[in-house]
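Okay, so chain A shows up in both of these, paired with chain B first and chain C after.
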Partner chain A sequence: MADTASRPPRVSARRAARPPAPGGSPRRRREAVAGYTFLIPWFIGLFGITLFPMLYSLYLSFTDYDLLQSPQWIGLENYVRMLTDDPQYWNSVKATLVFALVSVPLKLAVALGVALLLYRDRRGVGLYRALFYVPSLLGGSVAVAIVWQTLFGGQGAINEILGIFGIGGRSWITNPSTALGTLVLLAAWQFGAPMVIFLAGLKQIPAEMFEAGSLDGAGRFTQFWHITLPMLSPVLFFNLVLETIAGFQGFTAAFVISGGTGGPADSTLLYTLYLYLRGFGDFQMGYASAMAWGFLLVLGVITAIVFRSGSLWVHYADEGEH
Partner chain B sequence: MTTPSGRTPSRLAAPGRRSFLTGVLGASVLGLAACGGDDDTAAAGSGAAAGPETTEPVVLTVAWWGGPARAENTQKVLDLYTKAHPNVTFKTQWQGYSGYYDKINTSAAGRNAPDIIQIDNRALREYANKKLIAELDPFVGKTLVTDQIDPKLLGTGKVDDKLYALPLASNTQAFAVDATVLGPLNLLPAEAGWADYDEFSTWAASVTKATGGKVWGTRDESANLSWMEPWLRQNGKELYDGQALGFSEAEAVEWFTLWDDLRKSGGASPAEVSQPANSGDISKNTVTSKQTTGSFTYDNQLTELAKATDHELQLVPLPGDLSGNYARPSQFFTAYARGKNIPTAVDVINFFDNDQAAGEALGTERGLPPSKEIRDAISPTFSDQLKYVVAYDERVTAEAGPTPPVPAQGDSQIGQLLTSAAENVAFGRAQIADAAKEFVSQANSALERAGS
Partner chain C sequence: MTTAPSTLASAPLAPQAPSPAGRPARTAGSLVAHVVLVALLVVALYPIAYLLGTSFKSPQEIANNLNVLPESFTPKNYADGWSGIPGVSFARFFTNSVVVSVGVVVGNVVSCSLAAYAFARLRFPLRGLWFALMIGTLLLPHHVLVVPQYVLFNSLGWVNTPLPLIVPKFLATDAFFVFLMVQFMRGIPRTLDEAAAIDGCGPFATFFRIVLPLTKPALVTTTVFSFIQTWNDFFSQLVYLNDITKYTLPIGLRLFLDSSGQNSVGPMFAMSALSLVPVFLFFLVFQRLIVEGINTSGIKG
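So, the complex of A and B:
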């Protein structure tokens, strides 16, 4: 891994994959047929399970569809209602934005911090890495959300602990000003996946850079700021993109902790939860489809912005060599 | 988490950024692809060939909401049925009330709903109009015996004069009080309850004062449509007027103010304490959690509540006169219109209402048995608690108002909107006037949409 990092691997990889002679020979055609044949199961998945339902949902977003009877074409009505006549929709947009904007940076910061502590080979470090990863294994599960609900409930463990220190507890889950915070905390706690990726990234930074840095008298913080962070920026970027998308799609915890309502007072009504409630709770699948497409559009724009911003701060090792 | 942790960062930097973007967006789309079902409108009643007398093995799925007590009783009845018809066995699905309909709707969208579905009148119109549940009229007088059921109660299972749902039991609105706490404080309300809401408010405030603020007099029920309805009826209004609200902003303001005053006087629990039970989940009841000495309940729920606490609970009517109350179908059983074997499903439903052993197993946990014959036959076997519930129900329904028609389509949304508005007021996030205005306008447009 260490040697591929210093030299762009894509060139060699592409060259190796390229056929020896330009196509046309019968043998090559046979190979192509065999290749596509092997791909058929994947194509069935792509068209049958991904592409068709997606495009169908685009169609549904222009209809009034109650899941049980045929959809009725209503044009843009769902979109108009979404944007102009649904206060709950905007509550859900607000909750989702707050959730993603707070939980994603927090999660990445924790992941990076723990990765920095764990990336040097010390005795037992493998065990610690595994232990810190455990919450992510449980992450999306309903069980953890239920535990969370109990921990932060009015008569839960968090309040018991606070009580020892004489701090008057409150019901964190049922208060609209703190309920979303508990969800953010739950999301940040599941930092295992980005942590593992950070660890791999950290291990690739050549040790000579740090040696050279300390010879020049750079302290630990300077080294972190000027060596670790720039060298890690592609990995950070990757994590940022993935976590942003995952953050906006948060559902399970909000659903379980709020008892499937998005309450109290819509404070945990994350976008996908609201979408679910409209689609499956109220039989408004046309409207829910419109919400999904609005979401896709906005998420696409946000991701594009993150990508654009990447050129300002992401440092690719291979670019420096030109 | 969908992070492909198998990929190493060195290779991540390698593909062009554009293809990376496409991949990532693709991944996000995957999570979003909505579930579009195909729209075959095949005639209902497939598999009708096997009648209730069939000897072929039949497995029926039965779904209901409720607590452990109901699960136990229902399972007993199903076992009785299997004993009489060894070829018919059951799979059961039960859960709390919150999220129950989402689950049924989701399985119905997948053409895979349970064969026998418990519903309440809130979903009846919707399910009947969307042809999710089978019409039962063809079975009446054959598989389905209805002549022992009070026509008024049976009528609550009809939409546009067609029977879609068989009432499993009837109940009426009540206020559950914790006698173990209130007795020693000398604050136990009289059997007849309170003459009006002023008296009730004074009582609630004095309870909270007497317990030193540890236990509140009543739960804040402002988010509870099930109490708002009898309150509206006491004020000469109804919840619905056809497919529109039967009340206006003024009543909503009055309702929110009533509870706001109760919270301010200390009589009603603060929003944080009341909120979890707003989802309608009986396991979150604040009387059994000993946070309040009283809360709204339906009389039949006493069985489940009593099971969840070591305190003695009693039932009193809601404050004010009894005209707001009504004899209510507590739950129905319905047959899924695309069920595997509808005649057998109907026979099972009939068994719940008309078999004496089934009646004994059910008691009054679901409410009073709908069949007069069964009720008379099994009452002597009732425990004191069940007799107490029956006595309460008979006392109240004797003076109760008429049973309103099946709620408007979209009723479940009205409940959500009320909860949202009431929580906003209770947590101080909205002024009463604004919350009431938004609630009424949102509710009316939701009803209009649902009815169109």
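So, the complex of A and C:
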């Protein structure tokens, strides 16, 4: 390492730039040592808690492992079973896709709508914003899931309210065609967090743009389509990525509302819940690992699609004209 | 009632500059907007009000009274719920939740600030690679790691203790907070570091005396969000804690569901409401930070 400085033509520009001046060298080296010292905990975490377990889980996914006996290598059997011989697996895939595809757009639409209402008029914005944020703050808890289960149950308040309008009640939780809907509503109800991000984005749109727009005779809806939405698209993209990732990982509410079963008829069997049941309900660690890798791959593909699509519709102000 | 104080407070401060011609239309429009907003607010806050109201109702009222508010407030549900699980009181669950949450907060603040300082301020070989890996773990779903981590912690004999929930946080595994602090530290003027270096401070002294004190806002954000996240967390606590005396609040609350009869709704709601109090207190104290801080930090870049 020390002689790299004496042979400058052989090394890359970056390495050569590191230890050139005789005075700077010890200081640089001290800084490098300090850098790695500060990162010691992080390195232990990266290798011990993240990378090594990832590789180990890849290995486990090719084995039969119940935590008591040592893992038995079974090749691709877990994956084959998962894809061809486990109807529950496909039920969980379906429930997760429906949940994410409905709840994410619904949540973002409500968030954007309320943000637009709040942005127009600045009176009391702070208070509204704080109050609308409360569901996002508490919504992920078991406590709120319990409330939801009671609200939408057979004798729940939702039925009482619907009864006032003459709509016949039913148990929304125990009916396979509506149970997932209650989870979607619970997710969309937590629209406060993306709303706050939309509000911050709206504030950054220069007011002159709207003034110029109205001088040109653009109405409110024209302004929304041609000014607000394009200018807000980076923020919309940011929210979409965050909410999509979160949407595919929903667990708590599905667990609580279905009593830990994913029922009725697997209708609320979100992917992570099914993974939990296989891995920690009946300790099929190998199978759960295969499921985890399937999840990682699919989520990776979906994230990539979202990012790809971004280049089509996300408009960055500093991009310049095409 | 909820909107009145703020309207009064902001009225003198908002002189409403736009053209006189546009003003009447604006006021009418804003009235409609307020009506819509208040209606939405009622819907959005109804479940919380329902939780609170029901927690103070007697069993008869829970069955018969449709109103959110009870006719007579009774704190009995709270007493019943507190000792509602045979053999263990909710004080135990609260204590366990506090232990886990405080452990996570301390772990995140300490380890993430150390890692963030290295990434934000120090030059060392392969920094780019490690930073990219750190960002990569940011997007990694937690559920992918849960099985192998369980096997690991099981072999260490840590299952059914709070250790698997706390120790990883001392290893800067919450990449989100590392990233948050890196972004924040990059905003601190480098001239301060240089001045410290001239005064003879090495990297360690610069970190502790200059950078860390100036990073306080990001440390507060990390504290608040780590706490709320951990307090509400269910998945990993469910996986690792299986002895009732080790249960945290979310796991303890679930016991009510298993024994659910119509009579247990009141105590269950009372304990649910109580479990949300610490999060709500954090929200009251750090409201501005929570609503404006972390969520917008990602897009200001």
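Following the convention adopted for this analysis, the second predicted complex is superposed on the first by the 294 of 322 C-alpha atoms of A that agree within 3 Å, B and C clash if a C-alpha of one lies under 4 Å from a C-alpha of the other, contacts with A are read in each partner's own complex, and residues count from 1 in each chain.
As a working rule, a contact is a pair of C-beta atoms (placed from the backbone, for glycine too) under 8 Å apart; a residue touches a chain by one contact, two chains touch by 3 or more.
Keep in mind the model is a prediction, meaning the values are calculated, not measured.
> Thinking of the overlay built on chain A, is A:Leu299 touched by chain B (first), by chain C (second), by both, or by neither?
After superposing on A, A:Leu299 lies in contact with both chain B and chain C.
> May I ask you to decide whether A:Pro53 touches chain B, chain C, both, or neither, giving the answer as first, second, both or neither?
both
> For A:His226, select first, second, both or neither according to whether it touches chain B, chain C, the two together, or no partner.
Once the two structures are laid over each other on A, A:His226 reaches no partner at all.
> Tell me which partner A:Thr261 touches in the superposition: chain B (first), chain C (second), both or neither.
The first partner, chain B, only.
> State whether A:Thr252 touches chain B only (first), chain C only (second), both chains, or neither.
In the superposition, A:Thr252 touches chain C alone.
> Now for A:Asp66: first (chain B), second (chain C), both, or neither, which partner does it touch?
After superposing on A, A:Asp66 lies in contact with chain B but is clear of chain C.
> Once the structures are superposed on A, label A:Phe38 by its partner contacts, choosing first (chain B), second (chain C), both or neither.
A:Phe38: touches chain C, not chain B.
> When the two structures are overlaid on chain A, which partner does A:Ile197 contact: first (chain B), second (chain C), both, or neither?
both
> What is the shared patch of chain A, the residues that chain B and chain C both contact?
Shared contact residues on chain A: 50, 53-54, 56-57, 60, 67, 140, 155, 192-193, 196-197, 200-201, 234-235, 238, 245, 249, 259, 276, 279-280, 285, 288-289, 292, 295-296, 299, 303.
> Touching residues of chain A toward chain C in the complex: what are they?
18, 28, 30-36, 38-39, 41-42, 44-46, 48-50, 52-54, 56-57, 60, 67, 114, 117-118, 120-124, 126-135, 137-138, 140-144, 146-151, 155, 157, 160, 189, 192-193, 196-197, 200-201, 234-235, 238, 245, 248-249, 251-252, 255-256, 259, 272, 275-276, 279-280, 285, 288-289, 292-293, 295-296, 299, 303
> For the complex, give me every residue of chain B touching chain A.
1-3, 5, 8-15, 17, 21, 24-25, 27-37, 39, 41, 98-99, 101-102, 105-106, 108-109, 126, 130-132, 271-273, 275-276, 278-279, 281, 284, 289, 410, 412-413, 416, 419-420, 423-424, 427, 429, 438, 442, 445, 450
> Any idea which chain A residues touch chain B in the complex?
Per the touch definition, chain A meets chain B at residues 1, 4-5, 8-10, 13, 50, 53-54, 56-57, 60, 66-71, 85, 87-88, 136, 139-140, 153-155, 170-171, 173-177, 190, 192-194, 196-197, 200-201, 204, 234-235, 238, 241-242, 245-246, 249, 259-261, 263-266, 276-277, 279-283, 285, 288-289, 292, 295-296, 299-300, 303-304, 307, 310, 316-318.
> With touch defined as at the start, can you tell me which chain C residues reach chain A in the complex?
Where chain C meets chain A, its residues are 2-3, 5-7, 10-11, 14, 29-30, 33-34, 36-37, 40-41, 44-45, 47-48, 50-51, 54, 63, 66, 111, 114-115, 117-118, 122-125, 127, 130, 133-134, 137, 139-152, 154, 168, 170-173, 178, 202-204, 207, 228, 231-232, 234-235, 238-239, 249-251, 253-254, 256-258, 262, 265, 268-269, 272-273, 275-276, 279-280, 283, 287, 290-292, 295-296, 298-300.
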